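Handing you this structure, nothing more for now.
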């Protein structure tokens, strides 16, 4: 019964959606509302206004910086939520953690991982720093660092991995990333602009272009490292085989 | 005073060793950076130097341990030749596998054989087993100490292993008795 | 333009920033966390009050983030209704936070307390951002912060039922968020804009009527799940009754309202008056669902045995009230809906906190166990009674005023049936509320269930309860302070 | 035949429905989460198709590229945020799954609900 | 030339569809992982081809990410497959 | 059609051929261990030759270096991935196919 | 020809999605889901969104998959009958 109702609901929704798609503007047409309304300004002026060659980065960090602030908060919130659900990690508990599966990973894989992790890290740094001129940016770089942490953790074990990236450092970077974003936003406030203006229009107009560039890079690095650490912490929290104290 | 100089010497030597590892890693990293950024502009190089230094400092304990005793300039010089030879082997391997796959009778007689290698250290063994995996009809499925378990598609594939081992030994300058040739 | 134009953004970011700083404090001095967590919310509340006289009831404050003007940048848009809601959010979260300090020792394990406060602040900041934003995608982002923190807060006790309720909530909440995102996509494809004010203009000119209609339907489904509109309410009773009481108060008193408010914004600010033919049919369907919700919620509440469960079902019924106010499409109905958001927020938060008091002092959850509670916990019981009166809608509480306007709006909109449904809903509310009150005051409990001496909850838990219940009284008696401006603002919205 | 021309949209909608079907009908909760992810990616796909321009280039101004031939960067910027949100929700939901399994020993929704009824009846009996 | 490269990409992606058979049927999880790895390699090649079809060379960064991620996923998953915890679960 | 394009085209065709070969092997081989062979060899070679073709096509540019890097990386990673999959199969005691018995028999590694 | 490639990719997407949804072995479903993400990323690259292709490859195929695998490792492998 319930199943039939759900299937009917889905079928109705599918029909509705297909009906809409049949009536939507043709894809890829330059005369579409999406291509004519807000976009031209971004494409024409992004380079002068935001000093980024990659228009997407310009939008993310400048035109819609508030969304990105929300995004960073979402990551932070996810971490807080996962730790709230699975229980916080006790200081120094993981470092003494013993892998219960008793499977030592293969020497070949270990050597290869040793060999590749530096490359992955450097590549992610490249992604973070070159977000304004090529595809990439803070969060992408962070996710790639997260990937390197994943492979390192699965191969070398949680204890080793968390010795290399201890909780202190993770917590500090996570907090600093979000906080940095807020403070950079407030900096614009102090300079007489609006929140998230990466400049001081009233105080030092001459400083503006270089200030924008530097603050953009700062924010990118913050997002990258913070995001990477959050992903790492979430991974650690999920791998950790520590029974949590449930209280009611 | 003797012990002091000994300790100092050791310290300096150790530092030098670590520095050499780090330096090697740094050079590799900055080369990779140049490939990535595809430019030789000054500010890119500066940024690259900073990033590479950071990565090298962070991961030297990771990569350095695997690299240090084995990577010498001579090895780096021999590497391209080794690669060429390996690619030739890979092409041969592929033609061989192609012959097997395209044969309607599928003439295979797979087995897992053991092979004891005389190559020392993790890196040469890893290179050896990866080369095995890439060359005719053999896949390394397990490496425990100096004992390799190799899955062979056909019995005659097993014979190729010794030649490959000689090739890897040549690359790392290892003699049959397990001594590492100094300097190359 | 003075510094006050920055107040809305500060109201939103300061709690979020506080949430980020709390873990460090928790690392250094864990016992300070509950106290320090009050600071950012208090700051926001003060800013909100300072802002009160600045915004005219037929205008709005527009703040361009990063200095990019609206269709290109993101706009924060606070109108009178929005500020009204933001103040309600600040006040109720502040009181619930005060309440939490003692309460969480009962339900939340030690290792999770810092996380509790972090998530609490994130949730309040997200609600404020949600209420204030003028950009439709930004709405989605804040909705997700809100959703994530509320999922985790439902599960924070970590016991079986809590985790199950939270998972149920995720399973309904996450697809609804995706539907909202899809709706935003449709809207964007037809108009090419994301700013609400700009969208209103573009929708009037756009020729893609089918796309817009379906987009609105998806908005209704998405926000309907978040707001627990009747056929989509399945997650609510579990989540609201199982979460720790201050969280129930927030979920029931604010989160649901805020989602309804988002739908209000979509209905009135985004789809302009001229687009009534686009959304008319859907709005009618919402009206039917809302009417069904009023009846269903009321009847189910009568059938419940668990106190918090009963209050949760009552919430479903009251969401129906709010939506009936929206679909009346009259200034009175809209005023009633907005006023009901405030009133219901106060009353429901108060009821849940009272239930929390019972749990804290005696561990009682079931309605039958409350027989004779008056003897031991008079303060809590009186506050409960006062809030119940507001829920029923008896003068002089705020509940009466809002229901009056709701009915008036529906009568003006010539929806007689809905007006009757609203009246019947009040009768149902009277049934389930008076049952509890009767048990509390006029029945003797089991032997030894209650002590004979007054041994109520600690003051830090009683103060919020009383402030909330007095709030319903205040807004009932002094409604003339707010209602005219609200009416004007509603007329401006329409 | 708008439908044929907009085949990207059609694909996105079909994927959306597959995901929704999984979320609603399949009983395993990990499967439901996979369905959720499929839904999310399909909506992202829809957004990106919205921004496509025939013969367009990626919106990265290397050299002096012609801005009028670039695809729409706005949906891409939005979806970047969307992906972050998606991974956050998935992480949270998965940690809930771990906890659920620890406490119920099952991943089947029906069984979870049945357990709940059982525990409720048990509670009722216990209370008299 | 673009047409030709597109045709190559098309053939390779059709190939990938066939490889999915292995990923779908199994019979062991290792088979599936292998199938997935192969599909991933093919996707990587298609990414490189698309880079040259669209003549936007920074897409190669994406290809590098693909290669890295394929390695990461395959190694991590096969490491989990090795672990003993599966034994009772699988039966 | 320049000579460069022709060479690139030939390399692409070779690569496609090896891909098809790999797919055939993947479908035809009897067990996981023998399936590793076509996947690690043919697919790697197929990918590498397409990459070489593209390297020829791009001419002398920075892309060439990136492509070479990707190719080297692919060689290493596919060998390692093949090994990792094979090792996990061995560890889980998945029987391997033997000619003599015309059927699956448990092999304990050697 | 470009359209044909797009169609082929869409077929791949649909196949992987259906396979991921129908597989009874959860681990297989997750592994196939990672291919789905990879192909989705490729599709996005075809639609000129390299930033997103990068993100999806790293997040969808990498992080999400591993989180799923960890979860399945900690819980139960097979779908219950």
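Chains here go by letter, A, B, C, D, E, F and G, matching the order in which they are written, and residues are numbered from 1 within each.
Definition applied: contacts are C-beta pairs under 8 Å (C-beta built on N, C-alpha and C of every residue); 3 or more make two chains touch, one makes a residue touch a chain.
What you are looking at is a predicted structure, and each value in this text was computed from that prediction instead of being measured.
Participant: Listed by label, which chains are in contact with chain C and with chain F?
Facilitator: A
Participant: Measuring centre to centre with C-alpha atoms, which chain is farthest from chain D?
Facilitator: B
Participant: From the C-alpha centres, identify the chain that is farthest from chain E.
Facilitator: C
Participant: So which one's got more C-beta contacts, A-B or D-G?
Facilitator: D-G
Participant: Please report how many Å separate the Cα centroid of chain E from that of chain F, as a whole number.
Facilitator: Taking the mean C-alpha position of each chain, the two centres sit 11 Å apart.
Participant: Based only on mean CA positions, could you tell me how far chain A sits from chain G in angstrom?
Facilitator: 20
Participant: Roughly how many whole angstrom separate the Cα centroids of chain B and chain C?
Facilitator: Chain centroid spacing, chain B to chain C, equals 63 Å.
Participant: Roughly how many whole angstrom separate the Cα centroids of chain A and chain E?
Facilitator: 24
Participant: Listing for chain C: what residues touch at least two other chains?
Facilitator: 137, 141, 144, 148, 151-152, 155, 158-159, 163, 166, 188-189, 194
Participant: What positions in chain B touch 2 or more of the other chains?
Facilitator: Correct list: 32, 36, 129-130, 140, 142.
Participant: List, in ascending order, every residue of chain A touching at least 2 other chains.
Facilitator: In chain A, 17, 23-24, 34-35, 38-39, 42, 54, 56, 64, 67, 70-71, 74, 77-78, 81-82, 85, 103, 106, 108-109, 112, 115-116, 119, 123, 127, 134-137, 139, 144, 147, 150, 154, 231, 234, 238 touch at least two other chains.
Participant: Give the list of chain F residues in touch with chain B in this complex.
Facilitator: The contact residues of chain F facing chain B are 18, 21, 24-25, 28-31, 33-34, 36-38, 40-42, 44-45, 62-63, 65-66, 69, 75-76, 79-80, 82-83, 86-87, 89-90, 96-100, 107, 109-110.
Participant: Tell me, which parts of chain A touch chain E in their complex?
Facilitator: 101-103, 105, 109, 112-113, 116, 119-120, 123, 127, 134-136, 144, 147-148, 150-151, 154-155
Participant: Sort out for me which residues of chain A touch chain B in the complex.
Facilitator: Chain A residues touching chain B: 106-108, 110-112, 114-115, 117-119, 121-123, 125-126, 129-130.
Participant: Spell out the residues on chain A that touch chain F in their complex, using ranges where they run on.
Facilitator: It is residues 103, 106, 108-109, 112, 115-116, 119 of chain A that touch chain F.
Participant: Show me the residue ranges of chain A that touch chain G in the complex, using the header's touch definition.
Facilitator: Counting only chain A, the residues touching chain G are 54, 56-57, 127, 135-137, 139-140, 143-144, 146-147, 150, 154, 231, 234-235, 238-239, 241.
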